[in-house]
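Pasting the structures here.
Common to both upcoming complexes is chain A, partnered first by chain B, then by chain C.
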Partner chain A sequence: MQSRKKGSLILLLLPASLIIGVIFLLPFIFLLVQSFWTYESSFVSKPVFTLANYAKIFQDTYYLQVYLRTIKLSLISTGITLLLSYPLARFISRLKTGLKGFMLTLIALPMIGGAMIQTMGWMAMMMRYGMLNGILMGLGLAKEPVAFLGSELGIVIGLVQSFIPLMVLPLVTSLGAIDVTLEDAAKSLGANSLRTFFEVVLPLSLPGAAAGTILTLMMNLTMFVTPSILGQNKIMVFGTIAYQQAISVGNWPFASAFAIFFIMAVFIFAMLAMKVTSAIQKSTKQPKAAAKGAQA
Partner chain B sequence: MKKTAILLFTMIIIASMLLASCAPKTTATEAAATEAPKTEVAATEAAGTEAPATTDCDWDEQTCAFLEGKDFGGRTLVVGVWGGVIEQIYRDLVIPEIEKHNGKVELLLGGTGDRTAKIYAEKGNPTMDVAYLNMYEAAKGVADGVLEAPSNAVPAYDDLYPAAQVGGYGMSFMGLGIAYNPTYFDTPPDWKDFWDPKVAGKVATATFPGGDSEGLLAAAGYMAGSDENDPDAMFTKLKELTPFAMIYTSLDELFMMMDKGDVAIAPVISGYAWTYIDKGMNIKFAWPKDPGTIQMMDTLTIVQGTKNQDMAYAWAQLSLSPKTQQAFAEQIYFGPTNSKVVLTGDAAERCVYGQEKVDSLLRLSTYMIDNRDTLTERYNREILGQ
Partner chain C sequence: MEKLNRILLIIFSILILIFVLSPIFVLIISSFNESRYFEFPPTGFTFEWYKAFYKSEEYQKALLISLRVALTAAGIGLLAGVPAAFALDRYKFKGNAVMQSIFLSPLMLPQIIWALGLIQFFSIVQIGGRSILGSFAGIVLAHSVIILPYVIRMVLTSLKYVEVDLESAAMSLGAKPIRTFLEVTIPIILPGVLVSAVFGFMVSFTDVVVSSFVAGTRYITFPVRMYSEIRTEGLDPLAVTVSAFVVIFIVIIAMIGERTAKWSRFF
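Entry: the complex of A and B
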């Protein structure tokens, strides 16, 4: 019975797996193979095995710096996104169903326009004589226009805005699942709002926060539109170098190697993150278990 | 199991992001031509199956004779081209004519980089029949065997200026010149004025690699007493201009900054500055003389192995005909490559027009395109400084 169930499960999964295999796995394998090819001239490479493309990454610190800058900007942006999303998600999770749906739609709405449209909007606002500088200078907060464009600050602002929905949605789900009576219980036992938040709400919402963080971080690590438009291609990150090498320079083997190396690094990073997440999940389950034990 | 699922999901996201990072992008110069950077497939209306009409030909004699009696049997020609005004001119003039001959046209809008990548990736089995590239990429594509060498299989080829017969079929002449804020210069500046101390910190350039930024790098080589084949001289001289006031990806932003005086001078392709000057912005355009205005040329190329060669030739003939070339010159100041085109007024003044002006342009060697990888790497490190 068990094996028949298993067999039909595999059969059911087959079409989807095939699609995923063809759409994602094959290009990935091709990318891997091509990363060992020999570059001849722009857009021309030969299937002759070489390690030169990987060696180039380590030949000095330039490309490693690009990776590190990408990771740094991603971590900062993800951190800020998390901080901004928490209160927002908590507010939304407490709304009545209809209003909640409306707010969630509002949050997700900018995503429909796509990254390009949002970033173009930011570009107009961040210009030297754009709205943002107008406000800052009008309020006397800045004497000279701030150079948002072409700076890391501009990129971080753009990234945070873009991916807030990815953080808010899982957080709302997670926060919405928390039994309100738990907070009431904490308060009735003398905990103030701050303590209730840190000792009851926060630990119980961590799985949502972890999911949101991983999603946002992955999107940030592979950013392309934001750094190329708001960073004006002055701040080179993983995505912009990959594009430059693949499309502008036409050095596909190196672009592949550059991407594969980063994917591997991110993969390891994701595994570690997964470990941390499961550890968090375990630790949040334990108090519950302890509470149950106490009840018994 | 759950872990594996999450891991798989993560990998899928990464892979899809990678694919997304290869999404099309327009370069600075193309952004000007593409009002809103986009890649869309826009098929024209079905042309119907009625018999080809040839009696109402309102093109020049040569084109009418070439098209006479042609029937494309309802096939679709795929043309990769820039969007915006360029696209509109083709929709207004060329596409209706192809449709009259029972053909359809699908325009793939995007930048040169996307098209070049596509042509090489589909070598031997192309899905794009006609592609517009810049002249250096076109010449390399012919040499690499992915593009057809131009020939008088397209009759208008014989009417092109010799400079437009190299690589592909030259579609429009332009020159990389200098856009500047006249507050800083009493007389039109030349390349050497990029290094004038009074504009220090107020110089802008475009993203690298690309025609505009490569042109400035070449000019730096000449200013250092060498030329565009000497990377050490070029980079040492260009480095003196860093940090740039801005590295522009959009002309809107460049000209806004220039209008306000935050940018004094920038390399800009001739056709693109006029629209902004006509808006009344405090901007002027100069044709540098020493060592010269650098030749730029949008080039029509026919992809090697196209299954619609006859349609591609018809497209090329219509595009290179005086009627289409005139429309480009008058609407967006793209210099005609067909020597039979006669321009007057603003168009004659603002376009690279006539044998003398064409001859005066400085044609760079292929060093830049041949060494794009090492030059880009050096540019990233030495000029961007990161």
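Entry: the complex of A and C
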């Protein structure tokens, strides 16, 4: 009986393990190995060990600037996304079930629609005589059309919009799990809504905020379609260079080294971020306990 | 004061919602806009672009390729994902949690970095003397990886709604595990399975990052066609109209999904 159970367990897990193991995990090994191979010509490399691909990243400041620009744009976009998502998530988390589902469905539309559809919409809006400039000039906020396309501003706008859903969903989950009586307790003890928010709601929703922030940051750091289309090839970031090197130039060894170096940096960054959040969480445990005490 | 805060929160939330949905609105508005240059306010109402879409074999072909890829990949995602989710939920074994996070990891790890490795791997795998890179099988396998974690996560969520008691009741009444699974478990988790299938289909249908890496010249899906066209020729009303058509389709599916299966609880 025991071995039959084990057999069926293996059988149930086998197809998914094969797909994830072979198609998802194995390619990372190829990536790592290729990054040490020698580039010969377009789409041709030979298995001779070299560190030249990594050295190329540091040869001049161009690639380092690309990394820095990517990190800068990602941090700005993620920060704005978090700021805009919090109130919206708070609003949605307090809605009645039916309306809440409807709102979540609307919010998730960009996620399902995919990067291409969002970017096309933004491109139409950001055209010289498109909607954004139409509104700005109509309101008298701009005298001449603003060049959104090909600017960092345009990319940030596109990124923030694309990733609000990724931030809102985990936030709604963690905000929705907060007991309303906790807030009432804080208020009945004389805390105004601002203080209630900062001392009760915010600390309790940190896990959701952390999950959303890390995911959004990851997506921003490896963005590709948005900067490629809205940046009009004027603003190069990690994703656009990686695509260019891999698909147009065909220098797989360098593309691999460029990606591995970046992902390593990102992981160290993420680890640090997680350490910081858990430290913050520890230091804000007290208000939660106080509110619980007040409730009792 | 309390009331004012509440009103401000509502206004702010509605503004953000409009911002998030603005590209979708604009695509739909632009598809009926007479102006070639996406002028705002629109210069006039027209069905011209939809007529052009109806005649455009190229775009219809791209949509059909996307449809074939998405249907096949979603099928594979279901066949692999549903049993895996069931095993992860019902069997206690060593490494369960680790396995679960590995299965869900494609949701977290950057697609573009994986895609870089994937083209290198695909370039040496051959079926019938041809590299799998740029083949139908290659795209479908790549897409099944993006679909699988969604299926596993959503089915895991729906399995949480099934009471194990129901299953043991069926079995104590003499039903074999297989029959219990087919007649008790499946009907209860069916909404989750269907939602994950639809969601997986959409994720594949609209994917551009992975597809633009693995797509060769023979199987160019609709988003990849859009991407390369916009990059070389800029935005044109026909491309916008095809996207608007897809968006309208997605909105309808999303609304049906929410009304019939309350699909937002699986997100």
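In the analysis below, the second predicted complex is superposed on the first by the 260 of 296 C-alpha atoms of A that agree within 3 Å, B and C clash if a C-alpha of one lies under 4 Å from a C-alpha of the other, contacts with A are read in each partner's own complex, and residues count from 1 in each chain.
One rule holds in what follows: contacts are C-beta pairs under 8 Å (C-beta built on N, C-alpha and C of every residue); 3 or more make two chains touch, one makes a residue touch a chain.
Since this is a predicted model, take the numbers as computed values, not measurements.
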Clash or fit, chain B versus chain C on superposed chain A: clash
Contacts of A:G239 with chain B and chain C, given as first, second, both or neither: both
Broader residue contact with chain A after superposition on the shared chain, chain B or chain C: C
Touching partner for A:L104 - first (chain B), second (chain C), both, neither: second
Contacts of A:W122 with chain B and chain C, given as first, second, both or neither: second
Partner chain in contact with A:G134 - chain B first, chain C second, else both or neither: second
Partner chain in contact with A:Q161 - chain B first, chain C second, else both or neither: second
Which of chain B and chain C A:T222 touches, first, second, both or neither: both
Chain B clash site on chain C (candidates 42-50, 222-230, 240-248 or 258-266): 222-230
Contact residues of chain A, present in both the chain B and the chain C interface: 20, 24, 27-28, 31, 116, 123, 127-129, 215, 218-219, 221-222, 224, 228-229, 233, 239, 242-243, 246-247, 259, 263
Residues of chain B defined as touching chain A within the complex: 3, 6-7, 10-23, 25, 27, 37, 113-114, 116-117, 120, 137, 140, 144, 207, 209-210, 246-250, 253, 256-257, 260, 262, 369-370, 372-373, 376-377, 380-381, 384, 386
Chain C partner contacts - residues on chain A that touch it in the complex: 5, 9, 11-13, 15-20, 23-31, 34, 84-85, 87-88, 90-92, 100-110, 112-125, 127-131, 133-135, 161, 164-165, 169, 192-193, 215, 218-219, 221-222, 224-225, 228-229, 233, 239, 242-243, 246-247, 252, 255-256, 259, 263
Sites on chain A touched by chain B in the complex: 20, 24, 27-28, 31, 39, 41-44, 62, 65-66, 69, 116, 123, 127-129, 149-150, 214-215, 218-219, 221-222, 224, 228-229, 232-236, 239, 241-251, 254, 259, 263, 266-267, 270-271, 274, 278
Interface residues, chain C side, partner chain A - complex: 1-2, 5, 9-10, 12-13, 16-17, 19-27, 30, 37-41, 76, 79-81, 83-84, 86-88, 91, 93, 99, 102-103, 105-106, 108-114, 116-121, 141-142, 144-145, 148, 152, 199, 202-203, 205-209, 212-213, 223, 226-227, 230-231, 235, 239-240, 243, 246-247, 250-251, 254-255, 257-258, 262-265, 267
